[in-house]
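Take a look at the following structure, please.
Going by the order they are written in, the chains are A, B, C and D; count residues from 1 in each one.
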């Protein structure tokens, strides 16, 4: 689960990391009010769960409350990478002397926590990694050792940070960020930029914070930070229904059982020249209610023209799945053409059941490839 | 032979008294697996269709000489169950449970390695050695005994490919579902190393997907350490970056973890990569017949 | 550092372990007041850092505040194993159904934390270990694994605790006690007895809590619990002066440099038929101020009749040590006979310096054994 | 040969710029130890009498190929320094610092073992291989090179016995002060095993004291694993229970850890135990002459 900048900064603050004072606003009027309270120049920052805010014009300086209101009016409602800006963060403007980069992430390859720091902040870290790898200090934390102060020191010295006052502050922040990373069971905590002010104070000017969804059951406060309104409406509906769904950009709705098989289905649709409308995983089984919920989400997408239903019967037998599908179709009023491929245990029987019932918009195909071709054809 | 589970497996099911634990525990037994015990704290002394239940794994081991554990307890308690199994001297440990927090798995991964315990999962379908033992939820009836080792991050996709192999008359030594989470107990490389030294296994199929870099590591391992031929399939060519595709581990981060990169890494090391499950099964069949 | 029962229980309480309500009293009047506040039968318990309180009559029941005052009057000032009782703990009396034993200790042999639990509580655990070892559940916590809930469960099931309600409470308390053990960097946390009340509630009725002295620098609150007044006055003086000193029961004062050598010196004095008055370690060196402080502590013991000064010159050379001794003697007015043995680097030169100065009460001997014999002779 | 430190030792001193670190670091160098680097965060680029100082152990290793660390930093920071040395790939690590909290050492002890790093101390005088290298605070001038391995929980008592050996014309392969804390990086058994396989060492002296059960474990090890003769000395026969005798580890808890029990355990395994340092040295001399 990704957090907004203002949410990540609130967590930073709790772990002692210096952040600028700010106010959240959902209307231009609130923005003016916030700027008034902060009493001085502010920055108005779009709160969206997408990168590239700055380039999209989602971050603007305002010298007065009136200006803050004006800037907020420009930013609120703006579309940034397909997401509408619904909130802005009004923050006291900083006098920036230098910009650094600090992150802690979950390194799946090494199976360790990865610390990264560079004095070349403010820009895309992947660029720094390519253009000047020697400037990027990288250090792992062994899970059996845990974090110690030397990790922070080594990171800072290896990145070539020279000012002793800054060294001390950054080492402390690394420790605090690590505490936030483990305490909030994060997959990523990134500060870019980590600024040095003209007074020599080191402070987090942005926050990128991703929390492990699997840990949310014991982090109720963070779980409650989820902003359903901000997500794609179909994805929000899917979450509500407990359906695993990712919106894509095509016309062929895809429904599979199991994440791997569903991904493979999306691939096959693409390989035969179609454009998948979504990824949707029914899970291991295929009971009627699950099918109903998934179809409801998939058909909620106006782009969808046909649906490819790809099921492999393992523990759940294909005859049972076929009956589930018929039952689900009985409960739903969908006129989309649907192509069903059933394979695995009792596949013959399952196909027979579907053919016998023969709903007008249902096509049964024997293989994934045949079914994909048919579904693409029907979407054309 | 086969790997990880076979006729010497004596299985203790942690969470046997739950509905899923019971269903699959009994199913595993009906496939011939020696399911010797269950563990549910507070239910010691009961039994599940004749399988004795204990309060602790240690007691189960002492009474039944269990040597393999299957974890079926809910995610918030799964890590605890895994540590309990480790300290009771049991291994392999196969964790089926989905939703184990990643930070817990980070520590468990490091810990099982220093303790020298084989662990499979979490969020995996388990391990099946057809005709010998089944530990997990893989539907054994669609697989046949044979020479093809199969290792996969995915469940139904594995069944699909195993089914297609069976249609072509081929069977498997062992099918290992390593799980779809960002950190799992055994990686592709761990399992490939076992297949390489298993006499029954003659060919290997690797079923990967987007996310992480385990397929790339497997490619390097196949080139430098393996003599047996490997065929691969990768799911997720059309997955968009930054979206979790069902499995917690199936996510492209920035430019890392794409299916294309994995395919290229494997092909650069001489591994044939099928574009569909059917083609993948056919590539294996060609190998076996060669 | 050992904590009093009431201090240990305060720490237990903070970690969530159920304890009975109580009041500390240093006078009989305070005891009455405390009992009044607790409003009901109380137990008056001597607070001393020594075992065997109960047998010594240091724990008494009182039905009314007046009785509590009376019992406190009897207990305060009582001598328990050489320590005067200066405080009593007035605690709400418990209806005890059963008594268990629970402890977490630092197992030096295994280099792991050791959990122990038995349903045979209230008595000496070493007796249980001998008489019915099968009733004592013992379990280690691997430092790289850390504590998990299964440790508590296994402990409870292996000890044969059968009531599900008690199992649940004890498992929880094991986890809380482990948190206290690690959070307070303890060497021992013992609850004996851990009682079950007639209402089925599990509660800590006593506490034995030892904290690692080396960790006190970061546990200021626990460090401040040290009760200097309660210690042997000479040991308190030694602590104040920074001298490593343990009071023994004989007449030969012993002063060595280094813990091992000082222990060996005490041994040798005993082997030649003497009785050492103390163990005192000057540390690695032998500078004049250290010698002055140590002699001040040693001669504060009225039993001391002679002093054995056993020095091995390593990095500090014996000639330097000899000068330090003379300087110290110049600053002190002690008429005790002192036997000095100097060995190691520049020993000859050191002995010559001492012989040349020849204070009337100073004897120089070449070997440990000769010196020990002479010191014992002089103490006779 | 000798053990742990020798002519191949390249020493980095953590805390070289402190007064004690400087004093002993230079002293170690004057004995012939190859002191290649110091580490003090924030003092990188300085030097101590020609020895370059670095901000991190990793930088010291990269620049100087240091392979052994001596920790001289204050107790609150010692554990951090030890972990830093481990992760910089340095070992052995010799920690002189007194007062390291016991819980930290519990974790470090377990961790160095899984990482395969030799650690000596804390609260120890260090390791001296006379004529080859000195890492710590042992006064090298009172020892001679020879065949007797010496391992001890105590400092000055070690010097005393080493001195008496020298008076009798005997020298040492290596003197190892393992430290007086409840948990130290290397136990008697760890060091005895090294002496057993060291060609230079022909006899071993073990200097124990009250507390713990390391002497008892050593006795069992000597009986089952050692071919070289061992003589022992135990300090603290007259120590009262429950009192810490100088060393944090020197404490009799209940009936465990008494000098008498240790003496009996050793003698039951055929180890001669001297009653005084002098007698102990004489027992060794008799062995050497035999």
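We take it that a contact is a pair of C-beta atoms (placed from the backbone, for glycine too) under 8 Å apart; a residue touches a chain by one contact, two chains touch by 3 or more.
Model, not experiment: these values are computed from the prediction.
Q: Could you tell me which chains make contact with chain B and chain C both?
A: Chains touching both chain B and chain C: none.
Q: C-D or A-D: which has the larger count of contacting C-beta pairs?
A: Most contacts of the two pairs: C-D.
Q: Take the average of all CA coordinates in chain A, do the same for chain C, and state the distance between these two points in whole angstrom.
A: Each chain's C-alpha centroid was found; their separation is 57 Å.
Q: Distance-wise, how many Å sit between the C-alpha centres of chain C and chain D, to the nearest whole number?
A: The separation of the two C-alpha centroids amounts to 28 Å.
Q: Using mean C-alpha positions as chain centres, tell me how far chain A is from chain D in Å, no decimals.
A: Here the centre of chain D sits 54 Å away from the centre of chain A.
Q: Suppose each chain is reduced to the average of its Cα coordinates; what separation in Å results between chain B and chain D?
A: The mean C-alpha positions of chain B and chain D differ by 47 Å.
Q: Specify, in ascending order, the residues of chain D that touch 2 or more different other chains.
A: 111, 114
Q: Among the residues of chain C, pick out those that touch two or more other chains and give their numbers.
A: In chain C, the residues touching two or more other chains are 142, 144.
Q: Graph shape for the chains shown, where an edge means the two chains touch. Line, ring, star, complete, or other?
A: Topology of the interface graph: a ring, with each chain touching two neighbours.
Q: Output every touching chain pair, sorted by label.
A: Pairs satisfying the touch definition: A-B, A-D, B-C, C-D.
Q: For chain D, which residues count as touching chain C in their complex?
A: For this pair, the touching residues of chain D are 27, 75-76, 99-103, 106-107, 109-111, 114, 137-139, 141-142, 152-160, 163, 180, 182-183, 207, 209-214, 217, 233, 235-240, 243-250, 254-255, 259, 275-278.
Q: Of all residues in chain C, which touch chain D in the complex?
A: Residue positions touching the partner: 106, 108-109, 111-113, 126, 142-144, 182, 185, 187, 212-215, 217-218, 244, 246, 248, 256-264, 266-271, 276, 279, 281, 284, 312, 314-315, 343-345, 367-369.
Q: Which stretch or stretches of chain C touch chain B in the complex?
A: Interface residues on the chain C side: 142, 144-145, 148-150, 153-154, 157-158, 164, 167.
Q: Touching residues of chain B toward chain C in the complex: what are they?
A: Touch list, chain B to chain C: 41-42, 44, 55-59, 77, 79-81, 83-84, 86-87, 111, 114.
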